[in-house]
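You will see two complexes here that share chain A, one where it goes with chain B and one where it goes with chain C.
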Partner chain A sequence: MNRYESPLARVGIVLFTMLAASFFALPLLWLATAPFDARVNLTVHIPAELTLDNFRAVFQNSFAVRALLVNNLIIAGGAMLTVATVATLASYGLSRTRIPGRDILVYVLILFSSVVGGTAAMVPLFLLAYHLGLVDTHIGVILVMSGGLLPSAIFIMRDFVDTIPRSYEEAALVFGASPLHIFRDIAFPLVRPGVAVVAIWAFVNAWGAFLIPVVLLRSPHNMPASVALYSFYSEAGTPVHTLVAAYAFLYTIPVLVLYLIVNWRFGFRFFGGIKR
Partner chain B sequence: MAQITLENVTKTFGAVTAVDRVSLTIAEGELVALLGPSGCGKTTTLRLIAGLEIPDSGRIFIGDREVTRLPPRERDVAMVFQDYALYPHMNLMDNIGYPLKVRGVPREELRQRVQEVARRLQIGDLLDRRPSQISGGQQQRASVARAVVHEAQAFLFDEPLSNLDAKLRLEARAFLKHLQHTEGVTAAYVTHDQAEAMALADRIVVMNHGKIMQIGTPLDVYRNPQNTFVAAFIGNPPMNLLPCHLDMAQGVLVVAANQAPLDLGLLRERIRVALKDGDSLTLGVRPENITLGAEPGPAAIPGKIYVTQPLGGETLVNVEVGDQLVSVRIFTEELPPLPEQVWLTLDLARTFLYGPDGERIV
Partner chain C sequence: MEQQRGVFSSRVGLAFLTPALFFVVVFLLFPFVWIFYLSFTNQTLTGASALSPSFVGLENYARLFDFDRWARAGEFGSALWITIQFVLGSALLGQAVVGLTIAWAFYRRKGLLREIVFTLAVLAWIIPDVVVAFAWSAFLDYEQGTLNAILGALGLGRPDWLFRYPLISIILFNTWRGSAFSILLFSSALETIPPSYVETADVVGASAWQKFRDILFPLLRGHILTDLILITLWTFNVFTPYLLTGGGPTFKTEVVSIYIYRTAFKFFEFGKGGAIAVVVMLINLTLAMGYLAMLRRQKASA
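So, the complex of A and B:
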């Protein structure tokens, strides 16, 4: 404890922390209660009348259900697979090859592209997808999403790969293993926690993506849940709180479950730091 | 088993020459220790043999085969690493059996061969454990077992004992030497510990700054160090090296530290090179080849007792000669009383003289 801190200052800090915490906690609390409430407004309150009618109504909307259960899984799953595979291979390569100026190259390229990516590149990305015939396809969305996520993913993965002692691979080399053997038997099992972290991170990002799908997709039956959420708005453009709440609740479940699984299996260790 | 030959091998990393024109032959069944301080190029030499580094120039042979540019897996060598390099996600069976698995040996045969080797190395009952569940000494044996299972042409050891505590290290040292003898393996053994090198090796290669300073049997290197580097590096406590210069007029060597003249006596005839007046030389004498006395003599230099260290069977006496400390080893349990001012008498038959370039001239 800092002995120069006066009791008054400490009370102030605690109050401020509580205020900040409740600012972030309230929407989550709303998300936890509102879906089960027959009468929803934008305040958090204990439901007067518990009901599952909201969910029933949501499942009547086949467009929204398809968006959540099919399109979102394809897009997020596809982005997860692509990002995890490419980031693992790329970070392994970047960590293990001797290229002059490699570190500067990696830092500049990766940080630069993760700053510039996304919204600013939307128009060129759209044109690129258009000329490749990838507009209104899930592949297009997956590729663009993966492209945006990869720099940071490689950055995270490289930290994991760098913690593997070189002597593991050198031993395997001396004992006759091919590079493929080494990757499969030694490097990959050891970076698995990193792969899991990156995979989940990619999944969560792609799961919640709105801008890229809405720009690249055309037909309603291809749209992901983030777009389908708007089908629970009235014709006047105001949200139907009960249905939005129920849909949003369903929308968050897979992410929560994945997070819990990874946390349970590996512990969430962002940016490597596996201490042996 | 095969012999290993290095011909004029050089390896540089940027501006640093890690291995500088090294030529060396390790005979079949011989264990050669590469000894030197850190950064002397001994590990790089080993990695060049293993194929983990490719030399800039020179050639490397294993048996009759030139392997200079072959990848490690085509060289048929086994290696034991300093950190053992056991895979944390595999049990010992899979770790030791990995060289066989990679070669596509059937599972059942692999199990048998691993069990056989593990039993011989006394880790047979640990095969279902992971490396983190066994002791350092057992890990070391497991990493040796993996090398034995590989049945290679040559063994390469990269400081395999440096991560063990002192007691275990002695045990493991004896075990490794026994293993090397019974298996009759050709081995290169990197270490910075001279006692380890002396105890294990058939021959020692002393290296410094990427160059070979001396090659010889342990006793040869100890008895006849060819230059001041080897003289100072081998032996514990190290050899006393006294800078001095030649005074032709008086026919004596003047010790730089206290200007004491020293009659060269017999040494004079054994000098192999032409010297001139004022040449700065280095006198090398091991602590056990000096006697302490109260009276001056022709081969004696004066000094002042600095400290005495009784070590049980022997006593180590540090004597101040000018501003330099000279160690003297006396093999008695109890030291007779000595005056504060003493005379150090050098055993000239076992005294070395090194020229201005540090090379031996006597």
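So, the complex of A and C:
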């Protein structure tokens, strides 16, 4: 890739980088400093007086702490396990059997899940959860979320499953191994990077979700962090900026860590069907 | 892609697929069908019509398409028009153009500059909804916000963004939020183009724009189509602007997803909420079908 580049092009790309980086970074910068600032100020600046008091105050709000450390872990962990398991099985099944039109099938599934997404689907999903007695339960939230995440998860997973060689599996089949054994002992170890990517992707999605929990959950002790963030707002609905910022900071850390892991281990890229 | 040979019989394949089928049927197909039924009833959450909703025919639809009212603020027609502007602005003009520009700018480049831009874009994309909404409300703050601090220092005025330009604000917000998907999709797509195509053009001294227009764009057309339809559908359904503006001021940012939320989960009119959802899903379904047809034509001509 060492091609000649004019100095003008070099300057151009540096300027372009600065512009694009500022566009994406500026709205977030404040969130990196405000939690450590003793005084409220909404402009990005280096705090005159650094403090950890905001975090101390956040940890005194037991409702918000429970939301972050218990409820969010249950919901995101549950969705992660469900989506990773079901998507791995499904994409393996799709990859290893001859199903006519399976490529278009996954495409249609993605499109359909995008059509039946968002608030439009929340009305029947709420009633469904209501009739199944799943309103105000974490199981209900996990199941509804998993349903929405699955089509994309299968799409991502296929990328990995399709690349592992099938000769081992065919050999094992000749020796009479059962399909479940073949999956567990041969295919699964090979496809583990894909499972990790899908699991992390599902976790991050469920971790940040707002709409589904807010519609399906009722009692404060079940709420995730996305709802608990609003417990740092005053009665009038104005945020106590330093506290919200501190809580938002804590809430975001797991997402950043998981991003770094994926980027370091696999290289963050577009996972999925870009190979037409 | 060529059909590869199967390892297992289709019965075994079906067994592997069963859990996924369960989720798709229960949490995607069933809601889709149920919402049609709901839209013809007066289902509510509490009261008599919660236990035994009765069939009301097209009444919910008649209320949506009551053309004396529907263009007023906070009514269906107005929400639909705001959504169309929101989708055109933030998905097509915003995310797709930003994505294509950035992917193209860093085409055949590796290294720190690319890493910085891609990482920041991805962070904007994956950080939880409520966090980015909160960060943006501080960023756009009239008196102290960083944006106005910068604009003020440059002498460009300090508008009260969320009050004076609410729709522009959520369009900017959603462009910022979602561009990473298009950046990643387009740069992966660009990597599949053999370098020799462009190197030949380098030799004859073609300009960057000529290379883009005559070589890269035609090869990317399928990917652009894929990108456009997905971000259009997602933007149609996105709920995050609610966290920034609550749909206001005076319903000026009430896109249909927020309108559904208000109808169904603030006023608990599930029947009417269902009718709006049906109309929205039919619009989305039409877009998706149109896209599939275009993709098939694209493949046939390729």
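In this text, the second predicted complex is superposed on the first by the 240 of 276 C-alpha atoms of A that agree within 3 Å, B and C clash if a C-alpha of one lies under 4 Å from a C-alpha of the other, contacts with A are read in each partner's own complex, and residues count from 1 in each chain.
The criterion applied here is as follows: a residue touches a chain if its C-beta (ideal position, glycine included) is under 8 Å from a C-beta of that chain, and two chains touch if they have at least 3 such contacts.
Quantities reported herein were computed from a predicted structural model and do not represent experimental measurements.
Colleague: What does the overlay on chain A give for chain B and chain C, a clash or a fit?
Modeller: Taken together on chain A, chain C would fit alongside chain B, as the superposition shows.
Colleague: For A:Pro165, select first, second, both or neither according to whether it touches chain B, chain C, the two together, or no partner.
Modeller: Only chain B; A:Pro165 stays clear of chain C.
Colleague: Determine, under the contact definition given at the top, whether A:Phe24 touches first (chain B), second (chain C), both, or neither.
Modeller: A:Phe24 contacts chain C only, not chain B.
Colleague: Given the touch rule stated above, what does A:Val14 touch, chain B (first), chain C (second), both, or neither?
Modeller: Touch partner of A:Val14: chain C, not chain B.
Colleague: Look at the residues of chain A and decide whether chain B or chain C touches more of them.
Modeller: Comparing chain B with chain C, the partner touching more chain A residues is C.
Colleague: Draw lines from the C-alpha centre of chain A to the C-alpha centres of chain B and chain C: what angle do they form, to the nearest 10°?
Modeller: Superposed on A, the angle at chain A reads 90 degrees.
Colleague: Who does A:Leu42 touch here: chain B (first), chain C (second), both, or neither?
Modeller: In the superposition, A:Leu42 contacts chain C only.
Colleague: Where does A:Ile186 make contact in the superposed view: on chain B (first), on chain C (second), on both, or on neither?
Modeller: first
Colleague: Regarding the shared-chain residue A:Leu173, is it in contact with chain B (first), chain C (second), both, or neither?
Modeller: Both chain B and chain C are touched by A:Leu173.
Colleague: With the two complexes overlaid on chain A, what is the closest approach of chain B to chain C, counting only CA atoms, in Å?
Modeller: Between chain B and chain C, the minimum C-alpha distance equals 7 Å.
Colleague: Which chain A residues are contacted by chain C in one complex and by chain B in the other?
Modeller: 170, 173, 276
Colleague: If you look only at chain A, which of its residues touch chain B in the complex?
Modeller: Residue list for chain A touching chain B: 165, 167-168, 170-178, 181, 185-186, 189-190, 276.
Colleague: Chain A touches which residues of chain C in the complex?
Modeller: 1, 3-10, 12-17, 19-20, 23-24, 26-28, 30-32, 34-35, 38, 43, 102, 105-106, 108-110, 113, 116-124, 126-132, 134-139, 141, 143-147, 149-150, 176, 179, 184-185, 187-189, 192, 202, 222-223, 229-230, 233-234, 236-239, 243, 257-258, 260-261, 264-265, 270, 273-274, 276-277, 280-281, 284-285, 288, 291-292
Colleague: In the complex formed with chain A, which residues of chain B make contact?
Modeller: My answer: residues 50-52, 71-73, 75, 77-79, 81-83, 85, 87-89, 98-99, 101-103, 146, 150, 156.
Colleague: Which residues of chain A touch chain C in the complex?
Modeller: Listed in rising order, the residues of chain A that touch chain C are 1, 3, 13-14, 16-17, 20-21, 23-31, 34, 41-44, 85-87, 89-90, 92-99, 103, 107-128, 143-144, 146-148, 150-151, 154, 162, 166, 169-170, 173, 179, 182-183, 204, 207-211, 215, 225-226, 229-230, 239, 241, 244-245, 248, 251-252, 255-256, 259, 263, 268-270, 274-276.
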